[in-house]
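Structures follow.
One chain, subunit A, appears in both complexes that follow, with subunit B as partner in the first and subunit C in the second.
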Partner chain A sequence: MADMSVAHTAGASKAGRFIIYGLLALVCLYYLMPLFVMLSTSLKSLDEIRAGNLLSLPGGFRTDAWVKAWDSACTGVQCEGLKGFFWNSVSFVVPAVVISTMIGAFNGYALTMYRFRGSDLVFGMLMIGCFIPFQVVLLPMAQTLGAMGIANSTVGLVFVHVVYGAAFTTLFFRNYYVTIPDELVKAAKIDGAGFLRIFFSIILPLSVPIIVVSVIWQFTQVWNDFLFGVVFSSGDRQPITVALNNLVNTSTGVKEYNVDMAAAIIAALPTLLVYIVAGKYFVRGLTAGAVKG
Partner chain B sequence: MGALSIRDVRKSYHGNEILKGINLEIEKGEFLILVGPSGCGKSTLLSMIAGLDSVTSGEIRIGDRVVNDLSPKDRDIAMVFQSYALYPNMTVRENISFGLQIRKVPAAEQARIVERVANTLQIGHLLDRRPSQLSGGQRQRVAMGRAISREPSLFLFDEPLSNLDAKLRVEMRTEIKLLHQRMGTSIVYVTHDQIEAMTLGDKIAVMKAGEVQQFGTPQEIYDNPANLFVAGFMGSPSMNFIPAKVEAVGGGYGVKLESGQRTHVFPVPAADGKLKAWEGREVLFGIRPEQITHKNASRAGLPQFQTAEMPIRLTEPTGPDTMVLVPINGKDVVCRVHPAHAGQPGESMELMFDLSKSVFFDPASEQRIA
Partner chain C sequence: MNATVLSSTTAPAARPARRCRWCDTLDAWLPKLVLAPTFVCSLVFVYGYILWTAVLSLTPSRLLPNYEFAGVAQYEALFENERWWQALSNLAVFGGGFIFICLAVGLLLAVLLDQKIRAEGFIRSIYLYPMALSFIVTGTAWKWILNPEFGVEKLVHDWGFTDFRFDWLIDPEMSIYTVIVAAVWQSSGFVMALFLAGLRGIDDSIIKAAQVDGAPMPTIYRRIIIPSLRPVFFSSFMILAHIAVKSFDLVMALTNGGPGFSSDLPATFMYSFAFTRNQIGLGAASAMMMLMIVVAVVVPFMYSEMRRSRHG
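On to the complex of A and B.
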């Protein structure tokens, strides 16, 4: 729109572009600043950190802070770095993301293609799940996990995240599936396909964009979660977010900012990676349905 | 036993009656058209035949089986949808063989069937493409291919041509008719286009507001419409309805028509008996545009022809014919005239009315009188 309104003359258009790109560059700079500070600090020695200012470049390419954060930094009493906790997180995030996405796809399919009496009500109730703050469910969830005998376990944490994520993933898939014409399902019914066959042979292959959206969303949510992690796990089974918190708060004399920064980047790396790999699908998936493919 | 029989079928949603007792029956190999304006229930009826919608009451039989409670896959039917509903993730070949695969037809047999279908519809070169790589006409063909691959006893078509452009629509219409001639399978075809209905159907059911208004062959429905709605719906340009008073004339009865400064009373010998009861009252006189033409001397003496000179308000040339609009009893009446004989607006011309097929309706009940 801005493009059209400034495109009257070549000169105005050029000036307009200059302003737009200038603004975009400023915004980028603003958002990239913290990352730059983190990265450069993580590569500095403690002396450099004390001597220079926040924005100064590191003197050399030092990776000791990274090695220490990964391998030997103290997170409380034990000093084994983040590596164990990193794999802890991976071990519950992957199943939680996969299971909640699958449930979302299935729910969305059932709620749109096989409308049953009260399906809108069920969907409405599921949506309430999106608005319940984490803190509210802590106590009942703890009781439930206890009753199920999966308190303080990876399975328990997976369960919590699946339950919490299902509302969001259902919303994603349901909204995607309403854009798929019903006639497709009708045609498959007449061809003789049943409920599951239609889902796996026809609906699921069409769902790639929304699966990517769901995976990114869930991965970010579950990986970055701190509250459930700190409440429903303990000791060496804690997720990386909790370990990072412990690492930063464990002080043995000098505060090692370079190690803290390296640790924070390590903790954020997987989500960053997911966005870089699948980011373009994310935008495409969110706008799917606007344009019929 | 007919190919399809529908007996007193009703459908209600939340207490609203969508279909109010439908009765239809076709023989094996017949082409049935369900036609009507949108919202008349024709697509719902088709869905119920397919098993995609439940039947509230009544009975649907396909062949000699009552199918009310059978699932779509057990009804021995195939359907072509308005949006084609091709599976976007599958190639044309996979689309055609999907139903066969589910029915566990052996692979070799599947390949043979796909090849035969592809030959029939000339889509052999498209087999490895995906639906998104096909044009509208090609998608239409594939959708038909998918339907004929299983050799069902009944085909259902849900407005299959309405997404195509005008030229392609006419081509595909011919192809569907040829396909039907070749295969001889019974077809139920839903459309809102009365020309499609006329050209394709062996039998037409004209529907409105959940009821069948008339069920018959295209010619019956065209020549002998049961009521005002059917008469107006079928035919293009549609039938003229002229409010006219019934008067006694020459020992029989006729209709009084005023045009320009002149008044004519046209005797209608064929409808004499039935018009008698309406003497002095107003009826709707229905006459199709092609029954009002330029004056033809060789027919002038015959009793069913009447001529009158009328002022021309407008002419609409269509190529083969020119539509001439003349005012009669305050209504604009369309007459179909050979271009060489059509006058100019502002002039008047002699028109010849063929009253042998004229029809009369009760203006209040809209039912046919004669």
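On to the complex of A and C.
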């Protein structure tokens, strides 16, 4: 494919190359535009917003909108900014990511290295959990969380995200372990190593890339979740995505677009940073989850 | 590397427990024991809950579940509900537009990026970063960009076209299209990545042969390359259809279903009836309908996927 492109471009005119690069650059601008607009709006004063337009630059570097979004903007009845909700999200995202990744690793290992009768059936059954629209489990889950006394709590959200995230993490690890040669495990079995020993001393050291993929994928999913957050939590227990939506839709007094935009960037920052640092793995997770290995 | 890993398992530190027969049995059961919790969770929280929702959809439940049998009354009510029909037709408009544009844009960008582009990795990561954002953030950003007072309309006015009007966000006829605009922005880069991976996987000997025969590049693309991307089209379609049916956050943040309920989708309909309007039975019925839509889209995909892996 690459060779073909070379042969093609060698024959193509310079103008053709120019058009391709021009198009690609224009599309880059299109994808970057919302981020630019968010950032520049968040740095403007309300007067500047009214006087200027989407693409006009802020007159100075004012951070009051950011401070307000973090500290004192109203998200419904209370006006304490996003800070509490940010830490809410951190407090359930971290355990949910760690636990679901661990479960996925064990499941993937058991499903590939220790196939038993019906293991493919079990895998297929778990996979369906990736495809259902979650609306179909919301009502029973709300009842259950209430009955268990963990409705509107960190534990409840961790529980929900682990239960419905484990299918994805299992998929990642299973597809990764399928590529590890069987001989490795067979040899260790002959040497007398057991299930757990093989896992911890052979499989786990080989799993670093897929652990990274799983952690990043789960982090992005759970941090960005809105549906579970809005249904299973309320008041000051809500995750940041729900708080952001409340902040933007709170209609008291003058609409402060600069605060809205600062708040949106604050909510997006953790996953954006992860993407900038480890984008390669993020893309791998996306395509692994999508085309199943 | 493998050698060192293996030798560590043959080290004399091997568990002394290996000597007992009981441990062998335990070891044989461990894989199943490890899988058991997930298996049970899936059985209860996926399959059991689907059944539970199905039961709820056959009851007259309103604020609280009430397990009297009401037959298909909720489904009848659902299909007499104008708002539900609006949500379904919006799903068709949104799903169709979103899927088609994402596929077209994704394919075009992938083909352009496959021309030995310098800084390809950098450009690719710009196209893909929206996928890392929450739909709520995307919705908030586009709500501001499409703002009829200060957004694109004002920008174009400032450029001198003062009679330009762009108020889709508050126009009931057009509001669902704003959801398409934002959703395409978020997801098209992902489709591009899928297509690019597909392009890189094509066996170039066929393409070389065609070139030797003197076929021009556009013909090669039309006749050889794009047809061989069929599986990528198929899986992208499934994924996008799945995203479309599940779309909830984006609508909540961008239009909140409005103006009126002109941009409602089944997911926002379900949320609104089940959790804010205290109509659990009707909410459950709409959730079951959503499941059926997904099944209708995903089952053919799963089936072909399984058939392919069995042959492969």
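Just so we're on the same page, the second predicted complex is superposed on the first by the 263 of 293 C-alpha atoms of A that agree within 3 Å, B and C clash if a C-alpha of one lies under 4 Å from a C-alpha of the other, contacts with A are read in each partner's own complex, and residues count from 1 in each chain.
Convention: contacts are C-beta pairs under 8 Å (C-beta built on N, C-alpha and C of every residue); 3 or more make two chains touch, one makes a residue touch a chain.
Bear in mind that the values here come from a model prediction, so they are computed numbers and not experimental data.
J.: Scan A:186 for contacts with subunit B and subunit C and give back first, second, both or neither.
T.: A:186 contacts subunit B only, not subunit C.
J.: Is A:244 touching the first partner subunit B, the second partner subunit C, both, or neither of them?
T.: A:244 sits against subunit C, while subunit B stays out of touch.
J.: Is it subunit B or subunit C that touches the larger share of residues in subunit A?
T.: When the residues of subunit A touched by each partner are counted, C comes out ahead.
J.: Return first, second, both or neither, reflecting whether A:170 touches subunit B, subunit C, both chains, or no partner chain.
T.: The answer is second: A:170 touches subunit C but not subunit B.
J.: Check whether A:27 is in contact with subunit B, with subunit C, with both or with neither, and answer first, second, both or neither.
T.: second
J.: So, does A:15 touch the first partner subunit B, the second partner subunit C, both, or neither?
T.: So A:15 meets neither subunit B nor subunit C here.
J.: A:57 contacts which: subunit B (first), subunit C (second), both, neither?
T.: neither
J.: Tell me which partner A:111 touches in the superposition: subunit B (first), subunit C (second), both or neither.
T.: In the superposed model, A:111 contacts subunit C only, not subunit B.
J.: Thinking of the overlay built on chain A, is A:134 touched by subunit B (first), by subunit C (second), by both, or by neither?
T.: second
J.: Look at A:197 in the shared chain and tell me whether it touches subunit B only, subunit C only, both, or neither; answer first, second, both or neither.
T.: both
J.: Where on subunit A do the contacts with subunit B and the contacts with subunit C coincide?
T.: 184, 187-188, 191-193, 197, 201-202, 205-206
J.: Could you pull out which subunit C residues touch subunit A in their complex?
T.: 2, 5-6, 8-10, 14-15, 18, 23, 27, 30-32, 34-35, 37-39, 41-43, 45-50, 52-53, 56, 65, 109, 112-117, 123, 125-145, 147, 150-152, 154-155, 157-158, 185, 189-190, 193-194, 197, 199-202, 204, 207-208, 211, 217, 220, 232, 235, 239, 242, 245-246, 248-249, 252-253, 256, 266-267, 270-271, 274-275, 280, 283-284, 286-288, 290-291, 294, 298, 302, 305-306
J.: Going by the contact rule at the top, pick out the subunit A residues touching subunit C in the complex.
T.: 1-9, 12, 17, 20-21, 23-24, 27-28, 30-35, 37-38, 41, 49-50, 53-55, 103, 106-107, 109-111, 113-114, 116, 119, 122, 124-126, 128-129, 131-143, 163-164, 166-167, 170, 184, 187-188, 191-198, 201-202, 205-206, 220, 223-227, 230-231, 241, 244-245, 248-249, 257, 260-261, 263-265, 267-268, 271-272, 274-275, 279, 282-283, 286-287, 290-292
J.: Hey, which residues of subunit A end up touching subunit B in the complex?
T.: 181, 183-184, 186-193, 197, 201-202, 205-206, 293
J.: Which residues of subunit B touch subunit A in their complex?
T.: 50-52, 71-73, 77-79, 81-83, 85-89, 98-99, 102-103, 132, 146
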